[in-house]
């Protein structure tokens, strides 16, 4: 059986520098892929390469056994991405931002308020994004993941700017997603506290 | 056929072939230009209207023609590079830009120097050819500025390729709109309309110049592209072997 | 999991939502809409002050001045077309979504036109009157500016997509776009001056309209390709 | 040959031909300079790598 998300021979250059060479993995439903490595080792670039935002020197990423570049639209409709920059409009309110997201990827049929309650930002919902702290914005980004009805989560340092409670929240949410048959690719440089099977790719 | 093309487009093959080709382009090119220059300057009779000043066309027309030609080569190879991901095509586009821009400047200056005795002014806005040539120069500058602004070669190749293709679509539109604009101006034009057919003694040197310029231009372009190829392939094995080989390649 | 039965957000929904969002953003920052309009008025004022204000001179230079000012004002606002979305990361979210990028480019260009081109159209008659432009020429001015600003915005969106993330993007953008914009300027300004001197001018309008239609069909794809390249 | 002055147009004509020659030479020179600098750059790196092994 082919793995849900797999990759072989991923090689990426930035200018003259080789960020990584011959990286491969095969990830199945319910599994977490952890990208480890110091700052500047190419974790974010690898994430971007997986979603097809960076052109690889060599190698390919496969979704359901087919190269993602041949089914970009379908693949992008099957993933949610928690990037380093949260990607919200500072002038729009929390709800206005999340409502716009609904056209970007399929949404779960759950009341938005329940999810905001869960990530503990419900009382901020009428405020413009700019008045939220960095940690609160991260929580809203987490709400975006929960609202998306997609199997694949890509998370770039999801614990950044979060307090203890927030970190526990992220771990809980990811655990739940994996338990429900989802997949997660996460770049992190700390303990992630995940129960599911974890694969690791270590970059130098 | 396809395999042959593929082999042609392989950088090491091109790099070697270009070196062999360059003298075979320069030699006939130089001969043609020498003949064209001599015949154009001394043999061809003076023009009945413009006198000896018309002899400037022997350098103006070929350079103006090459400035357009270079832009088309640049845009087409940039498009090939973008669509079929052929690195050599991007190298050709990168090499064609500065050479094309220098011929555009040459065409502009020789046009202005020609205009001085003809119109009594260095620059005549009413002339559509010079005006579109000037806009073409700006297109070249924009292209080279974009290339310079991007550090990563692969990214610069692709971004400038988009610009070159958009520019190529616009070149005929620019040409046409400038023509329309100046037709309302009733301005003077360089080449008289409906005059007597051009004399063979005037024509043959011009044709020789055009062909000669094209051959020398091709050689200059190949030289540029060789440097570009070498730079782009600097990480590869064949370049390493080339450098380490006893003869080297200077 | 994506299955066929489930309803996915459609193309049209994405287009409408993007335009709406950008209009909402403009509504919350009205200064961004006003600035190009004020710029247009100020630049138009510069010319009479610099070159003299005799009636004949104004009538003669009016169409050209208005068109140059409109071109510069559009260019000024183009720089931010994708830049804000790029900087706050919302463009990343769009790139990695099931909405196609050309659709985004078209939606952004439409929202940009509604918030910068349209206000210019509305203000241009006022400035034109100060240049003693006859009524019919003012009508022609508005029509040429309509097609002209649409074309400029679309061609400019390609340049804006190519220059995101680059140093000194504004100067570079002008350098890339101005040569491409020259046919639009030539056709627009010349058509208005023909109308002002009671000559036939319809050809210019047809060409501008054709240019706008061609730009509508092609530019979003070029801008999308440029966006993908800028992301590497 | 008396044609050098070209009825007073000589300065215009000759300067154009001289400029053309200059453009050819300039392009050739630029290409050579670029090629040489790229070559030197790679040579330094390759030789350094070779020395390490």
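Which chain is which? They are A, B, C and D, in the order written, and residues in each are numbered from 1.
Basically, a residue touches a chain if its C-beta (ideal position, glycine included) is under 8 Å from a C-beta of that chain, and two chains touch if they have at least 3 such contacts.
In this text the structure is predicted, and so the values were computed from the model without any measurement.
Chains that count as touching both chain A and chain C, per the definition above, are B.
More C-beta pairs touch across one of B-D and B-C than the other; that pair is B-D.
Chain centres here are C-alpha means, and the one lying farthest from chain D is A. Per-chain Cα centroids separate chain B from chain D by 15 Å.
Separating the CA-averaged centres of chain A and chain D is a span of 53 Å. Chain C and chain D, compared by their mean Cα positions, are separated by 42 Å. Chain centres here are Cα means. That of chain B falls 32 Å from that of chain C. Shared interface positions of chain A, defined as residues touching 2 or more other chains, are 55.
Shown for chain C are the residues that touch two or more other chains, namely 232. Residues of chain B in contact with two or more other chains: 152, 154, 234.
Screening every pair of chains for touch gives A-B, A-C, B-C, B-D. Against chain C, the residues of chain B that register as touching in their complex are 82, 135, 138-139, 141-142, 145-146, 149-150, 152, 154-155, 158-159, 162-163, 165-167, 169-170, 173-174, 176-178, 180-181, 184.
Residues 1-2, 6, 8-9, 13-14, 17-18, 21, 24-25, 28-29, 87-100, 231-232 of chain C are the ones touching chain A in the complex. The residues of chain A lying in touch with chain B in their complex are 14-16, 55.
Chain contact summary for the complex, chain A toward chain C: residues 51, 53-55, 73-74, 76-79, 81, 83-92, 96, 100-107, 149, 151.
Partner chain D is touched in their complex by these residues of chain B: 37, 41-42, 46, 51-53, 55-56, 58-60, 63, 98-99, 102-103, 105-106, 109-110, 113-114, 116-117, 216, 220, 223-224, 226-227, 230-231, 234, 239-240, 243-244, 249-250.
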